[in-house]
Each structure stands twice: as structure tokens, then as C-alpha cells.
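Mind looking over this structure? Questions follow.
By written order: A, B, C and D. Residues from 1 in each chain.
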């Protein structure tokens, strides 16, 4: 039982990191139908900015997160305006895949040039570092923080999407993509805001998840497909889907690592294949996707 | 005459919207039937159900006595149930000749060959040339479909249908979008179809319906409300109500 | 434009694509062999990867299957050939046969899984299958060498006459020969009824079903053929480099060949060939000059292609060729 | 051999010979991780070699020496072999050097005899590498060399039950075998042995497994780079240290550039290694000064720069002994009983194995003048490679 709880705790933390980073991508893919393999690259930019803010500017952790989120969004604006807009809702995923791989490569190259190739740590404040006793085991305090971040993110997003004007327009645009213009919704604004939201969430996840997915230039490549896989398993555009996919895949991966670490990501991808076969549109995907 | 196709009690609902309700009809060899009805009556849906693109919630389809309800699209085509599309669906990046040749080769079960030149096989070539000539498309044979005008693409739809040697042919508004001077070619082609096949045509143009059909089916709100000779259709009360619907209701209410 | 009722086919002789393909490959091979004798090892590797790009073209370019897991076919065949060689099958031709069979099997398995769906699920399945194979290659280290790689592959002489050496002359000519045969066979294959039908399926799969085609089995078969070609590439790479590493089944390999294909132009064998050549030579030069930042340049190139030439570098060339051919007709 | 093949190889040898005779520059190909997550270590190769060249000049006996760097990037044997082949055939290098990863070194080995090129391994640490070719000499370390003292220390410190966690590749398996053999011979028990894929970054589940195994000590080896930091942090943050589980490792896991990232909680971690940046000796001080002078950052120095520095020494010696001619037998003979004082301490090349014999130090992470270092607390003198040597 202790083992089960132990695995569950680690799985929850890992799943939450996946969720925070992936949810932005999920909304983006639900609305703009863009298979964005560069999402991890923006999460990585967030991580680098936070690392720089803390280590070189001595910024406190909270401020560093803010800098990372805003910085990543600012960096992403030209990409959105010049490149992403061309590929929104293009039916051919191949073109999207290629452009976003290209964007990823460019970002890796630039980051490598500016920050160097080595691993960048994001020092945690004392309150979040070290172990925490939760009864049946010790966990890194940071993991508890990550889990809390994940839950809060899910809640805030739910409120945003269910309770605000923006959320209504967003849902309308997702559900009736072809009708959005006719409904008087300025899609390009919705798209731009959604893109910024997605990047911001990605950067946030990149920072708080850095203990589990460490920040280095190849981050963008290493986890390129992980986030995409989470989104498609969950179903693009669905918060519930992204959350359940993140937790499920986090569980598969963590259990695999615990019981048979030498198998690497075998169980993660085996789970993916099974789910895709059972639910080709994702666990909570919509029929039109 | 021999019965080729039968629809029995076909029903389908999308959510609360019932797009087909208890539809039954038969097509026999040599039949020339027009399917008409107001916009949104479910005509194309019915064709999609017949071809297997949609699965009915209830009811059975049979062809030559065999139940084909569970058959895939391709299996139905191989049994001779062929359709054309209302909006053209062609192999856009291939040439006109390739489009027709693929249908011919598929019908003759030679598309599993992997090492012979495709479109230029003499027997295949002779056949697509004949079909294209019939529709006046032969000079476009080596043009890519994507380069052609919409009207010409509609003709290619028909050419593919012909190339498949159907037993039951479903034509979804074959003349829509075809320029006036080319429309007769379509009628001519339909006229020259083998007499023993059944043809079901969705059409709005009543002139065309009268010229073509020996029998008319009228669909309204997913329900078959009339079946009979073309000459009787305009007189039918139900049909008038369906077409003039709200107008008639408004008058009777006042 | 001719008014005659029986239009002539746009190109005259039936064997022209095969012949021009063969000539081009022999020509390029001769340039490589005589002008760059010091680079034959690189050129040999290039040919192995080129076969993988051609193989990818069959499923992506001709069938419209989006895949980021194509290295699975290549890698499994490379491992199969490598393992066979370590265990005593040293005849290079036999090893090619092993790679061919292994690649075909893997292709059929991948195809059976991946082509069940279209769009995003298909892409994700292709990634998952590729990663699964990579994880297995790592796990089965008693068989594959895992992260240490499978080394000690020392193939015998080709036809019992020509041995493989450090200068890669034999390896290069052997690989060139395989590429030549594969290219000619594929030129024929893609114009066959089967190949044409695959292009039809790519254009519009509903239309294809509406002329009576069962799509799934065809795509699976095409995947098998593609796997065979990738398998030859994998086996050649194993034979000529003498090492098989996890890189041969990696996601990076899959992504890289996709980039090469689209760079050249998917849907044409020439596009695949051109893309593979240009990308690898470009990478070779830039990476050697500046190993730190070549990725950025590749990224920029890729974005440039998508924005300015989405149909690949070969498209304008093909358009020109078609126009010339049509002019000839008139 | 057929006539054709004979002609081809004759031509090849002719080309090669003329290439060497004509050149008054002797080229040395260095294969290192110049880009990617392990780029720090490629940079260290360069820093070490540059330091040697700065001290000893670019000429050996009238021959110019030129170092050419190529990128091995990651454990990628096929790529490394191709690079080595290109260096030999195209750049006509007379010596090869470097090799961060074992698989890459193994892939290069078969080329050496045919091309008569000696290889100085400057990092890759699996024992058997030197057996793959008589032309290989190694200036770094082996897992056995560093692990045997670790196991002895564990026994001495009272460890009874040990969990071993290593990277799932050659050196990791060597480390596991070395520890297990030594520790069990001294009466200890290995309760868990986990092999972790190289790409792993999240070690929390593994820590839980170790904790549940009831081990009192962990022994670990992972190649220096992104995974090592993650491992140590997972050890600290999952409360294993607090619970009294000790961490023993080879120094790869606590390289000096990583120490600031590990932070104060890392104080007290024990490791056995052949070089510490804080090693107190005039040779080390002058080495570090030279690196600083050459524009290098002392905070980035790791053991690989010392191995490269000493490797360059061997290459210079080989060039001198062969008077610039391609003669691998003579070259290897000239260095295989060399003895000198390296920045890491007194070292010698073992003539039987062509592997370096050196002191291995037991160190603990400590804070001195506000800076975390690996403080040497015990010396195991002149350790051979325990797997290769029959001692």
C-alpha cells in the first residue's frame, strides 16, 4: 500500500507538470488546430529566463516566474505574427509539423548561443526546497508545490473558460470554428490571446517543472513529442482531457520507472498506443477534431 | 423487372434531428428514378446512407437480395452501387486520364499490380478515351484535375461513375454547376447508360427530372412523402405542402 | 494543344523515368567517387539515409501518411542485419536480404497500427510506435548492445571479391548499386496501378473508397514496401559503418528524414533524392564548420521552405519539366 | 586478395604515405562532445589541450602540431565512427584523441589498426576499451579504478546493505560489477541493483524504490551531465539523506561545476575520484592558472580537462619519439611506461594495459570560503584498473 501511495504521489507531481505545460498546447490545438511541436521550446525559454532572473538578477522565485511568463510571451509574439498565423487551421499537419520543428531548431540554436549548452538550474526558495514529510513518505516540498500549481491552474482555467466573456467566445470558436466569423467573433484576436495564454502556461510549466524536466537546450527536442502526445491522448481543447491524460500518462511512466526502470519510456508509449486505439479522438475529444 | 436495390425502414437521427424516418423504396433494373425534395430534406444524407458513408440507426439495405447494411463503402461499390458527388470529389493532383483510369482499373481488379505502367495500358487507355470522348473531355486527358473549371470537374465525376460499370448509379445533382452548353452532354451520357442498370438522380431542375425520370421520390424532413409518376408529382397535396410549407400554413391559419 | 480525338501521352517512351533516374544516380555516383574520394564514408552513409528518405516518400509523399516514426523500419533492419552479421552471416548480399525482410516486417506492423487512423491520431501513433521500438532497442541490450551500440559487425566480401575497408570504396559502390536498383524499381512502382491508386488515396480517400478501393490493406502493403526500402537502407548502413547505435531508431532520425523529404518535395522520388542530398551535404558542411549552431541554420532553412516553397525545392523544377513536355506536344 | 583490391589498397597507402611525407603539420583529431547537453566536457577537452599547447608551444621537434575538433554530441557510435574515419581519410590526422562516451570509443577502435592511428582516450571509462586495439592509450580513468575504493570505503564506514543505481550502458555496468564484487567480497550485501536508461531525468521513483529496499547506502554512477544533478537532487529532496541513507559515488556525480546547483544540502556527500579541482599541488595550481590565462573559466574545469592536458603530453611525446612519422608501434612504445606528475597527482601509464595508474582520492563535499568543493580526505595510492590488471 505504501508503495502504491508512493508511486501515486510521484505520478501526481509528474502528471501535474505535464498538465501545466500541455494545457496551453491543448487549447491552442483545439482552437487553432495547429500541431505545435515548438511548444516545449517556449516552455524552455521560460525556464531559461527564470534561471537567469534568479541566478544573475537575484530575483525572488515568484518574480522570476512572472518574468519567465511575460518574457516567453514577448519572445513568442513575432513567431505568432510572422509564422504561426500562416498555419492556423491548415488541414495538412505535415506543414505544421515542419514549420514548428524549424521554429524549435531556431530556438534551440539561439538559446544555445545566448545561454550556453549546459544545464541551467532554477534555484528554489528555501520554503520549497528540501524534503517534506507527508506521513507515509518524504516528498520533495517542491513536488507538493507543483501539484498545488497544477490544481490551481486547472481551476483558474476552468473559471476563465466557463465564466468569462473571453471563455464564451473561445468555446464558441472551438465548437463552431467555421461559424465564429459569422457570430461576430474577431478570430484573429481570439487566436492571438489564446496563443499568448498557451505560451504563458507553457513557460509557467517550464519553470515550475524544471526539477523534473531539467532546463537545457535540448529540452525542446527531448520533450517535443511528449506534450503533443499528452494533448492528443486527452483530446485537443479539453481541460478535463489534458488533466486526465497527464495523470494517466504520468502514472504509466512513473509506475514503469519504479517497477522496471530499464524499460525507459516503454510503458508511457505503450499506454499511448492503447489509448489512441480505443479513443482515436482522445479521452475527451470532440467529434469534429 | 429484377429488383436490384431495396431500402427497408431506414431511419437515422443526429442528436434530436431526425434526418431519415422510416424510408423504404426499391430500385429495379432499368429504373430511372428522380429523388427530389426541398433543401434540407435529407436527400444527400439518404445517398450517404445508401453508399455506406453513414450507418443507419434502423433499417436494412439489400442488393440483389443480399443484405449489405453492414458492408463498407468499398464493398458496396464492388457490388455495383456507385455514386457521384454533389460537390466534386476527385483526385485533384492526378490527370483526368488517371482519374478515370483508376476507376477502370479498380473495376477490373488490376490496381494491385505493382510493376506495369498504369494509365497507358492499351486496353485501359482505349476505355478511358472512349468515356472521355463521350463527355467531350478527351482533349483534357493529360491535364491535372485541379487546373480545370468546375463544370468540367462535374463531368469527370460522371466519367468515373460510368467507368465503374455500375448496376445502381446514384447521381447527386449531376448538372449543378455545369455551364449551359455542357449540360446536354450530361443528359446524353445518362441516356446512353446501359438500359439494364438502375439510376437514382437527385435533382432540383424539374425540366431535367421530367426528361429523365420514369418515377419520382419526394423526400421532406427525412420522410418519403410521395412515390409515383412525374406527371402526378406537382398535383400531390403533400408535395405541395412540403415545398410551399410555411407559405401554405400561413394562409390556412389566417 | 492538339485537337485530335486521341491525345498522345505527354511523354513518349515508357522507360524514360527509369532510365533518367539510373543515369542521374550513376552520374552523381561518379562525381562522388572521382571528385571526392576522401568523402566516400560520408557519401556511403548519405546513401543509406537517402534510402530511408525514399522509403518515407512512399508513405508520406505518395499516400499522405504523416509519420514521425519512420526510423523504426530503418533501425530494426539495421539491428537485424548487424545481429545476423555478428552471429555469423557475413555475406553482404545475405545481410541486405535480412535487412529487407526485417524492414518489411516492421513496415507491415507499423502500417497496420498507424494507417488505421488519419490526422493527429495517426501522427501520434507513428511517434509512439517509433519510441516504443527505441525503448525496446535500449532494453534488449543483450541483443542490441543498448546504449553501447552493436559493434563488431565485420561483413565479408561482396561477391566474395571486394572487401570493405576504411576508405569505403567498396561500401560506396555497393551502396550506390543498391540505390540505383531501388530507384529504378521504385520509379516503375510509383507509376504502376498500385502506385497511382496510392496517390489517389492521398488526394481523396473517400473518393478512393467510392470507386471500390479498400484503403487500409493498401496502405499497409505500401508500408511494407516502404519498410523494405528503409530496411535496405538500414542494412547498408550497418554493413558499411560496422556499428548500429540507438540513433538509428531515434525520434531525431525520424524527424530529420521528414525534414529532408519535405525540403526536396514529397510525392516525387526526385524530390526525396534531392532533399536527402541537399540536406545531408548542407549539414555535413555547416556542422563541420560550426558544430555548435548548425541547428539554427537548419531551422531557418526549414521555415523558409514551408513559407516560400511548401511543395519542396523540386516543385518548380517539375513544373518546368511539365511545361516543356506540354510544349513538345503542341 | 584480388588484384583490384590490392591496387586499391596500394593506392591508398601511397596516398596516405605521400600525404604524411609532404605535410610538415601533424594533425591530431579530437573527438569530443562539442555541442549538446554534454558540451561542457568537449569544452574541457579543448581547455586542457590549449593549456598544454600554451605551455609547450605548437611545435614538436620542428613539426607543427594542429588539433582538429569534431563533435560526437551524444552516445552515438555510428556518428563517431564516421567522424573518426573522416578525420583519418580526409584530414589525414596522425593521432586521434578524445572520446567522451564509451560506445563512441568502442566504435572508433576498429579503425585504428588499419589506419595505423594511435588513439588517446581522454574520458571513456569502460575498462575493456584499451583491449579493443593495441593502439589505444588512456589518460582518464576507469570505473573499476574509481569504484573499488568506493566499495572499500563503504565497508569501512559500516555499510551493510547497499543499493546500486547506475546508467544502463558500458561504464555503468562496469561500475555495478566493480562495486558488487568488491563489496560482497568484504562481506556486504547488495539489496538492489537498478540500471537506469541514459535519457532519464526524473529520479524520484527510483529513490522511492531504493528507500523501500531498506538499503543503508546508495552507490551510484551516471555520466557527468544533466542526469547527475537530477540524481543528487532527487536523493536530497526525497528525504533519503535525512533518513540517514548515505550516498557513495564516483566523482562523476559531483563534478565541481554541478556543486553550486546541488547547494548546501549536498555537503557531506562522499565520492572517490582521481581528480578534484581543489587538489592541493603546485602542478594543479599552475594548470589552473594556465587555464585562466588562456581565457578559460576555472569554475567550469572538470576531470576531462586534466585528462586532455595529460593526453596532449602523451601525443607530444609520441610525435617526438617517432620524429613525426606515422609509426604507431613506436609511438605507443614511447609512452607506455611514462611516469609524470599530473595536476591530479603522480601518475604513470601501465605498460601491460596502456591505462593510466593514478591515485584515487576519497573526497567529501565541503564548503570552504563560501564555495562548495570536493575536499580530499583520504588517498588510495597508485590504483591500477582493477579489471584489467591481475593485481
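Methods note: contacts are C-beta pairs under 8 Å (C-beta built on N, C-alpha and C of every residue); 3 or more make two chains touch, one makes a residue touch a chain.
Please read these numbers as outputs of a predicted model, since none were measured by experiment.
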- [ ] Walk from chain A over to chain B along touching chains and report the minimum step count.
- [x] 2
Task: Innermost chain by mean C-alpha position - done: C
Task: Farthest chain (mean CA position) relative to chain A - done: B
Task: Distance between the centres, which are taken as Cα means, of chain D and chain C, whole angstrom - done: 38
Open item on the list: What's the distance between the Cα centroids of chain A and chain C, rounded to whole Å?
Closed with: 33
Task: Inter-chain centre distance, chain B versus chain C - centres from mean C-alpha coordinates, in Å - done: 41
TODO: List the centre-to-centre spacing of chain B and chain D in whole Å, with centres computed as mean CA coordinates.
DONE: 74
Task: Residues within chain B bordering two or more other chains - done: none
- [ ] At least two other chains touched by the same residue of chain D: list those residues.
- [x] 35, 39, 168, 197
Task: Per-residue overlap in chain C, given as positions that touch at least 2 other chains - done: 135, 138, 292
Task: Category of the chain touch graph - line, ring, star, complete, other - done: other
Open item on the list: Run through the chains and report each pair that touches.
Closed with: A-C, A-D, B-C, C-D
Task: chain C partner contacts - residues on chain D that touch it in the complex - done: 1-2, 4-5, 8-9, 12, 34-35, 39, 69-71, 73-79, 81-82, 85-86, 88-90, 102-103, 106-107, 110-111, 114-115, 167-170, 197-198
TODO: Please name which positions on chain C make contact with chain D in the complex.
DONE: 38-42, 45, 135, 138, 141, 145-149, 151, 154, 161-163, 165-169, 237, 241-248, 287-288, 291-292
Task: List of chain B residues in touch with chain C within their complex - done: 51, 53, 72-75, 77-78, 82-83, 85, 89-94, 98-99, 101-103, 105-107, 110-120, 129, 133, 138-139, 141-142, 160, 164
TODO: Name, in rising order, each residue of chain D that touches chain A in their complex.
DONE: 35-37, 39-40, 168, 194-197, 199-202, 204-206, 208-209, 211-212, 225-226, 229-230, 233-234, 236-240, 242-243, 257, 261, 263, 265
Task: Residues of chain A that touch chain D when the two form their complex - done: 2-3, 6-7, 10, 13-14, 112, 116-119, 121, 123, 129-131, 133, 137-143, 211-214, 216-218, 222, 254-255, 257-258, 261-265
